[in-house]
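Going by the order they are written in, the chains are A, B, C, D and E; count residues from 1 in each one.
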Amino acid sequence: MSLLELEKLGVRFGGLVAVQDVSLAVEEGQIYGLLGPNGAGKTTLVNMISGLIRPTSGSLRFAGEAGGPWPIADAVSRGIVRTFQQTRAFLGLSVRENLRIAAAASGRAADAAELIEAFGLGPVLDRPAGDLPYATLRHLGIALALTLKPRLLLLDEPAVGLTGGEVDRLARLIRDWNLRGVTVLLIEHNVRFLMSLADRVAVLDRGRLLFEGTAADCQRNPEVIDVYLGRRKEDA
Amino acid sequence: MIDLFVQQLVNGLALGSTYALVALGLTLIFGVLLIPNFAHGEFYMLGAFLTYAMVLAGMNFWLAMALAVGAVILLGCLVDRLAFKPVEQAPPLSMMISALAASIILQQSAMLIWGGEARTIPAPVTGVLRTPFFIVTWMQLIVMASLLLAAAGVWLVLNRLRLGLAIRAVAQNRDAALLMGISMFQVRLATFAIGAALGAIAGALLGATFPIYPTMGVNPVLKAFVVLVLGGIGSLPGAVFGGLFLGVVEVMVAGYISSELSDIGAFAILVAVLLLRPQGFFGQAQVER
Amino acid sequence: DEIVVGDLHPITGPANFYGLPESRAIQLAVEEINAAGGLSVGGESHTFRIQTEDTQANPTVGVSALKKLVSSDVRFVIGPLSSGVGPALFPIIDRSDAITQIIDGTIAEGVTNGRNIFRNQATVSQYDVSVVALFKAKGYGSVTMMTDRFHAGFVGTQPALAASLKELGAEIAGEEGYKLGDTDFSATLTRVASRNPDVLLIRGYPAEGALITKQARQLGFEGQVVWEMVSPPSTVLKNISAAEMEGVYNCIPATTEDYIALGNEKAIALEEAYRARFNEPAGELSVLSYDAVHILKAAIEKAGSLENAAVNAALADLTVEEVPQLISDYVPGEGGQLFDDKGQVTLRSAVSVWQGEGWHPATDVIR
Amino acid sequence: MPRTDLLRVTVAAVALFLVAATLALRLDDYLLYVVTLGAIFATLAVSFDVLLGYTGYLSLAHGALFGVGAYACGILTAHHGWPFWAALPAAGLVAGAAGAVIALLAFRTRGLYFAVLTLGIGLIGHQLFLVLAGLTGGVGGFVGIPSPGRPDWVPLDQNGWNALLALALLLATFLAAQLFVRSRLGAACLAVREDLTLAQALGIRVGQARLAAFVFSAIFTGFAGALFAAISNFVAPESFTVLGAGFQLVALVVVGGMGTLWGPILGAALLTALPEALRVASGYSLMAYGVLLLVFVIFAPRGLASLATAGLARLRTGAGFRAAPAGERRP
Amino acid sequence: MLEVCDLRAGYGRMEVLHGVSVSAVSGRPTVVMGANGVGKTTLCRAITGLIPLRSGAILLDGEDISRCDPAERVRRGVALVPEGRQVFPEMTVRENLRLGAYVHGEPTAAQFDDVAELFPILAERQGQMAGLLSGGEQQMLALARALMARPRVLLLDEPSQGLAPKAVAQVGQAVTRIASRGVAVLLVEQNLTLAEMIARHAVVLESGAVAAEGPADELLSSGAVEASYLGH
């Protein structure tokens, strides 16, 4: 049985149909990639799954339980946790405070020491998050999400703005936590990064599901190449 | 026999245009520079007192008003320099406290110069217009016309002039505006000048119908904040519509329910409007991304 | 020796327009008394010294001002002005046997006790007496009252006044409220004009009074306008033209400008001294503050002692005749006393009518 | 670690309280009254800061809530004969309940909209004090509120007892606020202040957290109102206006230092003492107040607390200024 | 054309750039690379005057402009496409473009035509609110807006961030064309594809200073750069 199943999920903003009839299934333990041109509706889909906005049609099931999407707090308590395209952390507070808040909020906190160690936050624990170098801030954003011990982690462009070495480190971290049982739904424009991680991918275009399948199939799909990748040599 | 409802509606629109006239300048300064300028009430007060002083000295009302506007513009820029610029980097609430301090200082200065006694500027135009349906004074008509002119003027400046483009750009994204080669100094000066001028115009016109005294600006500025929020922050049509709406509501409550409840009624409507439309009439809902 | 008099008035803040002239009149009276040799108490000669404390017309600030006076051993207090401050001070002074207070400002009810708190200002009910006299003389059939809702005194006596007027056969066509600083009364006045009562009675302050009068006329009200407020012509004319005021009645005891207009020599002398010293005309309540100092002086001399208890007793007994310097027209009690057993004076009621440039005694109403 | 920290703060606060009380009781009645008022305003400021500084919402309805506490105490003691000690908690609860209703309405909005919505509610509240004259005495004020009962064994006069109570209430409020901001709810409030959306995404029940902050501050505001009524024996609506009390609270907290609990106490002390000190300026006192307020904001835009912190840090390191601590960076 | 000499800059007490010298010359598009937080954005902000420099000089055609305010620098021909797009969201596309030309007064029709040629989509959407454009379109708008100022030096801070591969290619083509018209281009970029596509010269920053410099094709493929920059 799949961990997450979307059934014809859709949302419109006024006249604009941002997401239309998207159905897909993410298996427990997978890293599932979500691709698509700018404005395709990827963030909007994650917003719906995580309960930040309400869909205008469709539903989802999570861990066998129907009736979703749930409001964001309920989604979190079921284990659905997301990060943001533009990294969010409590910028005015120290890293330590950030982690304390996340832990205090969830009541089912992961081991803070382990997260600090894994994401290299030790040296900056007492610095305000707003002063952190960009990559560290991105790590903090993910660490905050992991504090909540998610079953499904929704990552919205975690590698954006990271340099090559940082991208590789991030890939390792995501794989580590995936191996420890966190299912991941990953949005990314860095195709090499995404393809190196994803077990399966879906491609959205103008709110619709264009493709669903393995990473390898995706890169060969002419439609995907046409709307998203462009000429072959650029996906290097 | 005058139809009461039409008369009350006219009363409400006349009252509302006084609110909107005061709110315009406040909207501009808050919308662009994010300064909660409580001292706007004092621009209003000084516009009234300066006009009064010159009219009393024998000057023509309109000339006096023009000079008063000029003086208040200078004063507005001075207030910006002394009270707001120094706390630019501080949390926004510090700005609010310095605005309150500036307004205390200006009130007390007026108190020392003119004393606390209430007085009214001799109106340049007297008399009333009697139509079959309602009565309205010429002064009220002048206020309403001035509101429309002022709103149109500000709209033109903001939407037709290069300066206006710059002002709006600063309001939306300060850093990006700097990168366009916009001078923050100019925009700030222009915004404060226009804002202060609007306050002074309101003061001169309303001072010819209402009593003026050093603390006369306090209540109008509170009302103007209500109008600002009712209309939607930063929206010019919002400020005009919000002002008229508040005026009509107050008059209707006072006219048909009880004068004792007119304030309660007006603020209850404010609460109700914000519950239904938390971003005000013309405000944009904030989108989370 | 010096006797310190606490002067408790709003020196700053929105009410200082009323408070400052009171404080200055106290100063003038004290200077006069000291220049004339001060007071003689039990054969010893004393002078007055003033300690002024600002109330800002705010209850909390007023209380701390009083506490400051008391802590500096001031035992005689003149003031306060505002109806918010008077009741706030009352419980403190009422409990104390080391303070004597003469109120020269507020007209709120229930702030004197006849023991150590006295007042040489009228109460609102005394104002109302004049209103009733006017209605009796004119036989008006209906009235709409517009009252400043922030004025505790007027609000407090409104039910009693309405009852009295009803008894005279006047229909109460409406009881409307407004508040200090309001500028637009059109909603209410449209309603008033449509009902067209005989009288529009305005109770509050002159700035709003002038505005209401103007707007009522503009909206087509044709009945009689009656004011019940302290309203010197100089202030009135700053807000409304003389023509628009013509024929308006005012129902309150006389104030400084009235006494001057009536040719009261002591009032004229005070006005001249005030102008010479402060370069502006005296305030409408200045005569009361001036009187209060002389009342205090007379009581101390009568008591022959600086003890509060003795002075309190002397005040309670004091007759109008014993204080020849008084400017205002106090009606003596049965034994000639200035204060009744509640510590309250009676100021002669009066109705005036606006003619030309100012108020004149309405001889057709009260002789 | 946090627990020992809390213990340290508690011990320090209690010690300060004892010192303050001992010193205060030597003062004359006037200064004692100023201290009493200062302590009541400090109580207001501390509880207000839980909402403003720690949760990020500017409420202008708290002047009216202060009044709710005061009138509740007046009505219960003067009209119904309750003893002060029963009326005090009841007044807190009434204000807390009123606060809960206001919060449920107002939290639909944010930022300036929230401020103006609560401004409207504050104005309505003030008007209600005037209109409901049967309960409140209307514009004439509420006369005859009994003083807080003083046990026979206390060797103090009423003024001294009042001051002691006010300082004790301040101590209690400070400690309660310490507990609150360190609790899970307090952490959630910080999250709401810093980033509402992220807070939601972390599963924080933001509605619950900010409601708790509002009600907490309303309850203690109510306590302060009750004590204010009892020591004044008289209250009038003009003590609870938006322009007076409402903005005064903001000024106390901002001048003292938002987002700290001892900053508002400094702010209250300063802004209560200042007008009294300025009495010497007589006719210029308000002007001087305005000028000094402006000077304070310009030279300590993040409040006295940050100035003090920076000063301490400088003493400690012997070097230049450090940036303000993280908690004070933003509203 | 643009020469940055020994520039020091930072925030508060922290200094980020400890003496950086780079130059942007017409006909030699230059890419600046470096690990996260090394100070690339800081460099752009210092060149445009958004933050003050502590020492060093910024020479434009040999003239020091480091004392000028940002507006003056724009007037003299320095334009920046800032990190994270930064369009004016509640203004139309056309108004955004007008603002780009602010220092020269109103833009000419020819300038609008030019933009329409480079980015047809913007001409199509000129009445739309900029905030409603998709991410890629916003990035194009930010670029077009900078071009309206007719810059002689164009600074681009990570224009590829958040763009889909196809959109990255479009931006690359546009910048290449602009460079070919004689505009000096200084590009900050992590995306090697885009860097290779545009740059002829490359500079690598490390701990606030220049660590390596050379022709782009050599430097970008050399293992040494990978070591420092990519952190392997």
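Here is the rule we go by: a contact is a pair of C-beta atoms (placed from the backbone, for glycine too) under 8 Å apart; a residue touches a chain by one contact, two chains touch by 3 or more.
The model shown is predicted, which means the values in this text are computed figures rather than measured ones.
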*asked:* Once every inter-chain C-beta contact is counted, which two chains account for the most?
replied: B-D
*Tell me which chain's centre, taken as the mean of its C-alpha atoms, is farthest from subunit B.*
A
_Separation of subunit B from subunit E, taking each centre as the mean of its C-alpha atoms, in whole Å_ = 42
*Would you kindly tell me how far, in whole Å, the mean C-alpha position of subunit E lies from that of subunit A?*
29
_Distance between chain centroids, defined by C-alpha means - subunit B, subunit D (Å)_ = 32
*Please compute the C-alpha centroid of subunit A, do the same for subunit B, then give the distance between them in whole Å.*
48
*Can you list the residues of subunit A that touch 2 or more other chains?*
52, 85-86
*Going through subunit B residue by residue, note those that touch at least 2 other chains and give them in order.*
108, 260, 263, 288
_Help me check something: in the complex, which residues belonging to subunit C touch subunit B?_
12, 14-17, 149, 176-179, 181, 183-184, 186-188, 190-191, 194, 205-208, 210-211, 218-220, 235, 238-240
*Note which residues of subunit D are touching subunit B in the complex, please.*
52, 58, 105, 108-110, 112-113, 116-117, 119-121, 123-124, 127-128, 131, 197, 242-243, 247, 250-251, 254-255, 258, 283-284, 286-287, 289-291, 293-294, 297-298, 301-302, 330-331
*For subunit B, which residues are in contact with subunit E within the complex?*
162, 165-166, 168-169, 172-173, 175-183, 284
_With touch defined as at the start, can you tell me which subunit A residues reach subunit D in the complex?_
50, 52, 72-73, 75-77, 81-84, 88-94, 97, 100-102, 104-107, 128, 130, 144-145, 147-148
*subunit A contact footprint on subunit D (complex, rising order)*: 184, 187-188, 190-191, 194-195, 197-205, 326-327, 329-330
